[in-house]
């Protein structure tokens, strides 16, 4: 069976999640399109990289990501670094003829994303953006229902992504709060997942009308580089620096097909952890999803008789998308790892079968255009059309 | 014990709900501020009014609402008619020196509401608008938490009111779909309840940015005058007429105190019945309410230790607002009737003790201003400020 | 329209609930079978009875319940007193030829219940036991599904009734903790509601195997006679007396039709308020009900296609049992009052149409036999058959 | 860093789950106690074993499990075969001085389990039974609360495990329905997980009183050996053979510390997928867990003020047991894989640090004694004491 060698750049939360998915993919989807081989990993220092190689099971390591990109044995570059390095790495990897999977958002802004998209198109490599949540089996099931026409023409999309890990003002100023590194705040970090859902399930977004806020204007400087996502609070006497990105945004959205909707994301919602939801109303039914209860999809079919109509709580399993490869009965448990394992499966399949894959850099670019429009709309207090 | 004589105008769904509340109020809140006496009821025909008097327990009946207003024995006029007659009745009742409780929305638009407000102010009578949902004990508990500072400064309000009773295109064209009678569609009918929540719990709204849609452009003409709220579907061959009000709207809202938010209402959400919800994020906690599960309030306190923090599901009972008058343990069951019984209790108390009551015609007028602004904003695709 | 005069005995929590139902029934179910007229009420003292008459809307009052029973104008005797007086009152009422509705449990034990059953049979009057929860529209819907065969042959019934109002050891020793007054503890007070569900939905119970516990062995003596259901805690220095009834029981149950099951009830379940639930598994589907969310019934149909199968959350409304009489859309809210209003409606209908009504004194007697068997089983640690 | 070589016996559902956990453990828990190395795997045929080695990442393969046990390079034997081979393999592995982790139930009955326990004790090796669900972080959190005294003395335990994968009579007769292979039916397969919870969270069980049923008396013979857990239905014309194990059981349980409770398990509960739940009532609070929503623990603390008391929904994350090793925020998603990864982590830690681990073969034996007692009780219709 064919092997594909992976070069991983970044050994934080995402390096871990992706490494697990390379190890686990063939165990779930067998025969696998190809066996992922964890060849080389890069992290910021030689010591950190060495440690990461032992931990995540890579043959080689380096503190210089260019050595990964230049390594002729590598088939795939996996970009799991902060947002400000995505473009440089991806463009170099494309030039080196590697297939690329990049963490989201694709870039800090649309201009950067466009350069990346041009590079992969020119190189003719496969490219993917790791909006993994659309590969939650329940979300894939929602897509299937919509494609089957089970809920009819879509009227409305309401998406939210609510978290609270940085609701505490003592949660430190990691790169996620710095525009120069992250591009935007909540919007790029989590809002883009909702936008990915909207485009995946409903269709292209044509214009937005947004409002945005930075609720916590400054935060304590973070000790050390590693992003702890708010699990470590700073002590009181650490000096503070300004936050220059959004903590929260709400946007109205118009879709090309006539549907309307709204998207809200915030990291200041006490009690919400990973509250990534959507509710879709169609002419023939409705769908509700909440990632915090990701094994379940709620769906209502208008065609049910009036005395038996109501939202059905459907736990995904072997009868549903990806189900045969996963666990043998529903509710054994889909975790974060499974969403990433499915992502790798689809990416490898696209590489081996030479087919299109989504979401790719085009989608990443389109989402960046929408994100830029959201920020512009919030600034101008007006509807902003999305460029084609 | 003092009695107050009630004159009820309208004998539909709301006439029923209010009549129950007059009968039940002293049973729950004892000693009652005064005993409501069901004196006289008006309905569209003599026969209907006679029937209503027997059914709802009134001493007298009439097909001419003016006879109720002019009846010197009547202390309180209760307006439970479609929206287009609220103003005329209320102004006449005020002139006759009656205290007035009117169903919501107060009027078809702000101009009409203003005339009503002027009339009651001039007459010096008590006036109330029946936004009963804020008297759900769980909503009153949310208010109490907010006033105690339990969730800190409010950042965000997210309200929805989703129903599906008219999602079927064969649901007939009752007065609720006719601008000349209703003033607006989903907005006035249910959206105003969410706006009432927003003002009650967060504060005054200063501007809105909305979008609105009429999804079902025409509906079968309704047989008979009585509004069945979609429980009877028209047969296929009934002629159709245009709908000239909104089926759905979404609006961004800005509050005077700096909070932001959104409100959405639709009657095209299959599977949602009376899905009136709000979620409020504050600096120290969050609150979530869903009327479909109205015995429960969800609240998260940031001050809880990290390993014991999470939304608490609080069932209201004797320890909570209005609880001592209601049922002796939580979850015995708050129904629609109880919200109306509490409303009558507070209204009677205000009359007897000569104190202010909310929501009153000023609130109804302010909500009408906001509603008008929402429609204007949706038309102009721009933020619209609310007049003071 | 015919009137039926009601004589109410008892003016506590149940006197209140029943009085509301007499006032409200015709408002909901119209034309009503007959109009309930609140004629006379009895309470323990003349002053209390006078107060109750004013509060609950009765023409006359007395401190001697025999005067109600002997009043020739009275058609119906409503027994809303503690358990130890049910038999004496009911037997006297039957002899006086009155129709009787009695609060549950019917009596302190089966022997007492048998005397009551014999008396009403001999008198030929209508008789009902107020197990109101089976008249929750969602429970009636469960019954309808079962009768339609929608879930096939029933295999299993699991019922619970969990509360916490007396979980605090300082919750006072009301009559509900005294065997001489109550007959049993949690069993008679709330467990019998679950047994009523089991018999109503599944069928006759043939034998039981139980365990029971008194967790809190003594409680502070209660000041005053009125049962506050734990809303008032005693101060620390109040003397304590022994509790001689069960706080909790669990029983296995066998049904005549081959189904098996379990029933558990406790008043020591912190966080559970009125957690009256059942789950029924049939060969073709399952049903789940939780009174704390009483507007919803959960039902799963095995015949649904595998990729669309799951529990449906059905909110009852006009399309469901009793729905046309209640509120015009689902989830407007079924409270405790509505269950009692439906109860009165069915009782009046049976009287006027001279038909059978359930649950009646036969059912109350059968439940008393099962209750006695549960206590005996817990004592003997062995299965106990129910007498026929 | 130390490596421990794993020999895996069995390549079905459990072989897959365990293999993932060996690959993933160091990625989550770092520094790992030791690095698991997937050395050798056995399956029923040479071809199947070869395929499994490629799929699950083992260096070597064999169709003879004895070659794994005898391999001197192997440190750990992982038994993931049907129940009838656990004893033979484990005893051989113990004699060969290997540490052993066995799938549950430990054996077909207590006698067999006793032989296994004796063998591992004699050999002085580490031994574990894979009751993985107690390692769900929310269950570990429940344990922590109980140990902290947060819910006080435990009064009651109520556990269920409800599934529906074999509710269809055409679900084939896999080994799980054959007493000679499985020992018992639902009891051993899933009921033992609940018994493990009961012993882990509450304490030792001293006696049981059970009822059991085989609802579907015969099933179609299964084509091929692999257990599909009901995902493949047999066609109508496949011959049927008798089922000789339980489909459902309910048992009362008494605990050494005075608590009481009940356990129910069935595979005939349409709509329930992996509905593994417990509810525990203590003198100071309550805990509820449902594996279908395994990221959440429900807990109520009696000490909360009456107007803020209610079940808290706590999503586990970095602030909770195992949380620092898992994902950086709550609700990113705990799946089945994570429970197994934690299991391997604790097992490896016990081996490297030479400490006790639970649940071990002693626990497995004790659970087998309880299981045997449940079957005996159901047969004799009497309470059965558990041997010490």
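Think of it as A, B, C and D in the order they're written, each chain with its own count starting at 1.
FYI, contacts are C-beta pairs under 8 Å (C-beta built on N, C-alpha and C of every residue); 3 or more make two chains touch, one makes a residue touch a chain.
Computed from a predicted model, the values in this text were never measured in an experiment.
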{"item": "Partner chains shared by chain B and chain C (touch criterion as defined above)", "value": "A, D"}
{"item": "Chain whose Cα centroid lies at the greatest distance from that of chain A", "value": "C"}
{"item": "Where chain A and chain D are represented by their mean Cα positions, the distance between them in whole Å", "value": "33"}
{"item": "Chain centre separation in whole Å, for chain C relative to chain A (CA means)", "value": "53"}
{"item": "Between chain C and chain D, centroid-to-centroid distance (C-alpha), Å", "value": "41"}
{"item": "Two or more partner chains touched - positions in chain C", "value": "296, 301, 309-311, 315, 319"}
{"item": "Contact footprint of chain B on chain C as seen in their complex", "value": "1, 13, 16, 19-20, 23-24, 26-28, 30, 32, 35, 51, 54-57, 163, 165, 228-231, 273-275, 291-296, 315, 317-319, 324, 327-339"}
{"item": "Touching residues on chain A, where the partner in the complex is chain B", "value": "151, 155-156, 158, 160, 162, 167-168, 209, 211, 213, 215, 248, 250, 252, 254, 260-262, 264, 266, 268-272, 279, 281-286, 298, 300-302, 309-311, 381-383"}
{"item": "Touching residues on chain D, where the partner in the complex is chain B", "value": "141, 296, 299, 301, 304, 306-315, 319-320"}
